[in-house]
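First chain written, first letter: the chains are A, B, C and D, and each begins at residue 1.
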Amino acid sequence: MTNLCGIELAGPVLNGSGTFDTIAARRAFGDALLERFPFDAFVSKTITLEPREGNPPPRLWETPAGLINSIGLPNKGLEGFLQTDLPQLAELPVPLVVSVMGFSRDELATLVERVGPRDEVAMIELNVSCPNVETGLIMGADPSETARAVERLRPLCEKPLVVKLTPNATDPAAVASAAEDAGADAVSLINTLKGMALDPATRRPWLGGGSGGVSGPAVRAIALEQVQAVSKRVAIPVIGMGGISSGRHAADFLAVGAHCVAVGTESFRDPAAGRRIGAELQALRELAPNRGRALPVFP
Amino acid sequence: MTAEASAQPRTLAPPERRVAPVTANERIGAYSLITALDPDGPADPQPGQFYMLAAAEGWGGGGDERPYLPRAFSYARAQPTPDGVELSFLLEAIGPGTERLARLEPGEGLALVGPLGSGFRPAAESCPPLLVGGGIGIAPVLCLQDELIGAAGPGAPGEVGPQALLGFRSAEFAEAAGLFRGAVEVATDDGSAGRHALVTELLRERIEDVGGQATVFACGPPPMLEAVRLLCTSHRCPAQLAMESGMACGFGACFGCVVPTRSGYVRLCLDGPVLDADQLETALDA
Amino acid sequence: MTNLCGIELAGPVLNGSGTFDTIAARRAFGDALLERFPFDAFVSKTITLEPREGNPPPRLWETPAGLINSIGLPNKGLEGFLQTDLPQLAELPVPLVVSVMGFSRDELATLVERVGPRDEVAMIELNVSCPNVETGLIMGADPSETARAVERLRPLCEKPLVVKLTPNATDPAAVASAAEDAGADAVSLINTLKGMALDPATRRPWLGGGSGGVSGPAVRAIALEQVQAVSKRVAIPVIGMGGISSGRHAADFLAVGAHCVAVGTESFRDPAAGRRIGAELQALRELAPNRGRALPVFP
Amino acid sequence: MTAEASAQPRTLAPPERRVAPVTANERIGAYSLITALDPDGPADPQPGQFYMLAAAEGWGGGGDERPYLPRAFSYARAQPTPDGVELSFLLEAIGPGTERLARLEPGEGLALVGPLGSGFRPAAESCPPLLVGGGIGIAPVLCLQDELIGAAGPGAPGEVGPQALLGFRSAEFAEAAGLFRGAVEVATDDGSAGRHALVTELLRERIEDVGGQATVFACGPPPMLEAVRLLCTSHRCPAQLAMESGMACGFGACFGCVVPTRSGYVRLCLDGPVLDADQLETALDA
């Protein structure tokens, strides 16, 4: 059992926001998905106040051991989410975390005020990897922008607030620390790293959105370093992610201080990845935790 | 197509990736036909549905240190056996993923998730099916013809099924027409096999022959699908187009595979890959 | 021919600082190395004022399509470099760029004053991916720190000054722009991204230095985005690098605005990588530059 | 060892990676012996030198999406032929790189850079060579014995060369002792082949027999090398140890492979892999 901000989870494996759509997956897999649910808590795709259709395609580009996406946060908007999606998400066998993003503190406030009170919702995650239209700064890259947002939102909601940090920042640990001081209950990281690719035939940007975000094993070492730096700096729980594709990787993130882990891109390779990783992690934990320095390579 | 399938051309997939041993890898002209025994998947995928495939070992380290993600493939044949369903995929090696798959040897593992997406819906009685495939797009046409021949029931001797019009670049590619059990007519771009014509030219003649009384099922490159769409629109005959777009997950998780339709972006892996032609303003944007 | 800050190069391919040691390579390959030299200009490993022995081993960890290094800038120090290395570097068939790092502006000033006047030296590269011991800030992550360093150094040296940017910054383009305004003649990027790995047996940091820097194909998409953002913002030449391992990659970096490219980790796989990449690039340029949108996947 | 080689136990490598076709991949007990025909490399690498190896295709996509970098291997045999030199490498599959190499098939390409590093230096007349190999560390010992036998000149019938003492975990590994042309004595950790002893026990006996009048050439795991070092120090006999450390480049470019010596860190790929035992405070830190 894992306790995350007072919420009991059967294990420490969540999904990364925007990397699993349980409503769609039930159309593909049926109720077997619920019977063998991959995660110990489910994080929704990020919703915004207004509906968004997302970026023009192409939205994907495969990189060495990774993926660039430029999805552009397509979603039904707050009202559509509350009416259509939330009742279906309530059927999941695990606690629900709703991810929200706002382009101003007012927008964020509305989202938190409307989503927070819903019984179906266990926690709210703030996706701050977007510009504040008032200041032009990426909220999550700047400690004081982040602090101001969290201070504003904290009183509006009784549920735990998780701040999802961006890795595209000089000092993510400083942002995490500011979020903690402002009242955040947990932080999660990493979101995707800015990246781009060109169309080999035209040498113009491949992605409809111009640039995108890199995820997958290619970013794991970068994520692990940031999770370590953040975990050293804050006392609140840290949800670590970025390229996790095995129980060993999950154990690495926990070893540097994460309290839970999340699986994103690996679910694209295997919809059951979360469950497999949880089982592998469990098996590792049952081994002696400290087996001493690796044996030399020669026998 | 069975009555059950007609209601909903989507067979559910097990919610996990599984490994199917490869039983054969045959060279069919320019293509490879990979067959694997899927012990745990459903025996009745619907024509037009697809699987996400990867080699169980050695998936990576090709051109540009790829592939990493699995690749989408329409199944071309599904043969139930006592030990599971034998799935065959027809593929053309055009990049690191297809190159690795084309090198799979019997005994190696094929990792798969599927069947996914929603397949072809049955034709109305009044508009009998007419099948069109271009290049590697013949894959779903092959299983669709097989299924339609099967649906005609046993003891229908000389049954050649609905006609399939197949277009290829050249004779080397056209060898794949030999996989079809039913009636086919072949065209090649260079005249090295069958008629020296575009397959849409054959289609135009057929549609005119039957006075537009046909349901067209098509799969092929976007320019071909767009030509099919325009032809069918002008003859007012219904058309179902099996399309493709870049996919990461295949089950609606990533929102990466959208194509524009008259009602906005749809995820091709979930609401397709088969779309009604009249949902589209163009088939060129996939 | 390529002109970089007034210096004529036979082509646009440099090496990344610290990824090729021509003095060592001559011991392994003999003079054939000079006859088939891989680069159009040679960038030295970063030198510091005082000698450094570098970090304790292990210093390397392989990641998916990448490498984490924690070398720790071992070098003979300024005097050792001038006496022992520089005469040997002068034998190279291409112009020499000397990379320097200082832990204060005074240290940097000494390095630039001593290295700049030497005839063997065509250009100086400032590696600003280190903390300023006076302010505690990473010089290259902060536009004003960078500007102050460049302003101080610019009058001390007649040779072109290149600022090597760090990717571990919220806005590398702002740093580049500050460097340009302060008088830098060119910028180069990316340096390595912070990363870490754990020993699978002990779950303690694998690298002797604790954490390290990630390079190789895994970071290419991230590098390309940063090179694009920087190229949009500055008018001075940009030297783009990060995971380049083919002529097509080099062409991508040039297409987003780089003036030259540098090859780092790929040289570890093939000492002749720079030459191969230059040849592939040349072949690509001889093709029609704009072949229109990629053909659809179906034939 | 030839007179030329003795001056400088380092044969220069061409300054580029090349691809050598694999001619054989034999299973020797628990090890694989990979042979490739190197048409463009020097025919006379020096025992103790190594090559950086990678599969020319499919290098990647193994465990943890690795390998990416090439891997270092001592050559175990070098056989000049009219078409180039046939190089053999003995390897144990312990991770994604060695696993891929162990699966190489004849006809596939082996990408290589080398020979690299500096090899064993000749023994003084007064202290004849005594060879010690542990596990996969027998690879450079094999070519060293071959070379020493060759140096004894033609027409030396019954020449068994300098004695090689070989230690293995068990009989399965000890099969590789059969590769040696000269005199060998085998020990295994579990007694399943040869003597039930550590190879350093055999070495102690030999050194005592010759009253310390020997030059020891050793390669094996760090604990073995450290035992060799201590033994030779106490008997004041010179020892040369072929060591290993994690390498990215193999030619001094990355500064990644350093090991601590009495005179500070040295790059093992450049100043080793063979180091004099008395350069080291310990052989355990490689």
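By our rule, a residue touches a chain if its C-beta (ideal position, glycine included) is under 8 Å from a C-beta of that chain, and two chains touch if they have at least 3 such contacts.
Values in this document were obtained by computation on a predicted structure and should not be read as measured data.
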For this session: Please flag the chain sitting at the greatest distance from chain B, going by CA centroids.
Result: D
Exercise. So which has more C-beta pairs touching, B-C or A-B?
Worked result: A-B
Problem set entry | Whole-Å gap separating chain A and chain C, where each centre is the average of the chain's CA atoms | 33
Seminar exercise, completed: Whole-angstrom distance, CA centroid of chain B to CA centroid of chain D, is 54
Exercise. Quick one: chain A and chain B, Cα centre-to-centre, how many Å?
Worked result: 35
Exercise. Using CA atom averages as chain centres, what separation in Å is found between chain B and chain C?
Worked result: 48
Exercise. Using the touch rule from the top of the page, what residues of chain D touch 2 or more other chains?
Worked result: 60, 64-65, 67-68
Seminar exercise, completed: Listed in rising order, chain A residues that touch 2 or more other chains are 61, 63-66, 217
Exercise. Touch graph across the chains, line, ring, star, complete or other?
Worked result: complete
Exercise. So in the complex, which bits of chain D are touching chain C?
Worked result: 10, 12-17, 54, 60, 64-70, 113, 116, 245-260, 264-265, 267, 270, 285
For this session: Going by the contact rule at the top, pick out the chain C residues touching chain A in the complex.
Result: 61, 63-66, 68, 138, 141-142, 168-171, 193-203, 211, 214, 217-222, 224-226, 228, 243, 248, 251-252, 255-256, 289-295
Exercise. Within the complex, which stretch of chain C touches chain D?
Worked result: 18-21, 23-25, 27-30, 32-33, 36, 38, 45, 53-54, 57-60, 62-67, 69, 71, 74, 216-217, 265, 267-272, 275
Problem set entry | Touching residues on chain D, where the partner in the complex is chain A | 64-65, 92, 94, 134-137, 168-169, 173, 220-224, 244
Exercise. If you look only at chain B, which of its residues touch chain D in the complex?
Worked result: 55, 57-62, 65, 67-68, 100
